[in-house]
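As written, the chain order gives the labels A, B, C and D, with residue 1 at the start of each chain.
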Amino acid sequence: MAIKVKFFASLREQQPEGLSQVEAEGVKTVSDVWERATATTLVPAQVLCAVNLEHREPHEAVSDGDEVAFFPPVTGG
Amino acid sequence: MAIKVKFFASLREQQPEGLSQVEAEGVKTVSDVWERATATTLVPAQVLCAVNLEHREPHEAVSDGDEVAFFPPVTGG
Amino acid sequence: MAIHLHPVPFDPAVELARFEASLPRGSVGATASFVGTMRNHNEGDAVAAMTLEHYPGMTEKQLEAIIQEAREQWDIIDALIVHRTGDILPGNPIVLTAVCSAHRAAAFDACRFLMEALKSRATFWKKETLSSGDTRWVTKNT
Amino acid sequence: MAIHLHPVPFDPAVELARFEASLPRGSVGATASFVGTMRNHNEGDAVAAMTLEHYPGMTEKQLEAIIQEAREQWDIIDALIVHRTGDILPGNPIVLTAVCSAHRAAAFDACRFLMEALKSRATFWKKETLSSGDTRWVTKNT
């Protein structure tokens, strides 16, 4: 019973202690995942979030078994 | 002392008798060139004109030695 | 600036590669290009072949003016126009326009401008040979 | 629909030729394409190299969704997105988008849409190595 967590690019470098998974118990939103994984509150305004490979906002719901990712603004192309 | 005349595409086929040059004497406009070269009056509305390789309107001036061309709407690309 | 009129088939990839090789390496960040290809259908009829007539001298002058206008209007590095003349078969490329620039907006905008300007001003005329054997001048430049 | 992520350099001409060869001959009248190339300068600094990180799985999913949206919005025959990942040098292609259609407006519009959507949604991140040896994440996606 866990939620998988991923960090990318500058965020991965800034969160070397970031957890790669958190317990699903009591976790309702993307923001909750951030708090548990980083031991900080509030997802910074610049940070983008995804749930199961889809872009999501911090207030959106997560479920047990989801993959949640945090990353800076994309710079491809 | 002459003005060179060219017809292109469907216009060339429709003007088999069209002159390839006209006397410059008394010829002031593109329209005058059309009259002399085709023995018809008025440049048809659909016909495009050029003087010395630049797009021009029938009322615009021509001079001795000019090359005047008549053609249908362009369809390249 | 490069303008090529081809009386025989051309390969857009080869033309584009040659054009890009002529530009300062490392300065180009964006290349927008467009290829117009002969289709086997037009206005609801099956088309077997096409002949592209043009006005030698005026065509080149108009294309040069069009590229010059693009250079004045956008911050581009260089532009290319290649156009077929003569006898063309379905699947053959008819036209290639390409623009290189540092950033993408200028390349996209200028490349499209080249095509629209060429369509309205460059002195080319298409005559189709239908599958039935009939021939007709194309009158609508959509 | 075709999406390719390349961990090693790719040739846009080869990718484009393969894409076009997969389409019904004679139906394509217009091909609009765009290539983004790594420049040797960015934000006023000389850049020696770049690394493109991405989110495997999410990247492909986002690119597929972008192409699907283009297909719904325009009358196109097919679309292609090719994107580099990994270590890149100046002059190397980073991205190729291409759209084939019967008529040019759809190809131009959809090709540009692919690039703009990719820039804003596809999960790629660039890290530059400057000529000075310093590294930095690109933060502005102009």
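We take it that contacts are C-beta pairs under 8 Å (C-beta built on N, C-alpha and C of every residue); 3 or more make two chains touch, one makes a residue touch a chain.
Remember, it's a predicted structure, so these values are computed and weren't measured experimentally.
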Count of contact steps on the shortest path from subunit B to subunit C: 1
Most remote chain w.r.t. Subunit C, using mean C-alpha positions, is A
Between subunit A and subunit C, tell me the centre distance in angstrom, where each centre is the average of that chain's C-alpha atoms. 48
Per the C-alpha centroid definition, the whole-Å distance linking subunit C and subunit D comes out as 23
Here the gap between subunit A and subunit D, centre to centre from mean Cα coordinates and rounded to Å, is 27
Using CA atom averages as chain centres, what separation in Å is found between subunit A and subunit B? 72
Would you pick out the residues of subunit B that each touch at least 2 other chains? 77
Would you please write down the residue numbers of subunit D that are in contact with two or more other chains? 36, 104, 115
Following the definition at the start, I'd like every touching pair of chains, please. A-D, B-C, C-D
With touch defined as at the start, can you tell me which subunit C residues reach subunit D in the complex? 13, 16-17, 25-41, 90-91, 102-104, 107-108, 111-112, 115, 142
Residue numbers on subunit D that touch subunit A, as the complex places them: 36, 52-55, 57-58, 61-62, 83, 94-95, 115, 118-127, 137-141
Residues of subunit B touching subunit C in the complex: 6, 8-10, 50, 53-55, 69, 71-77
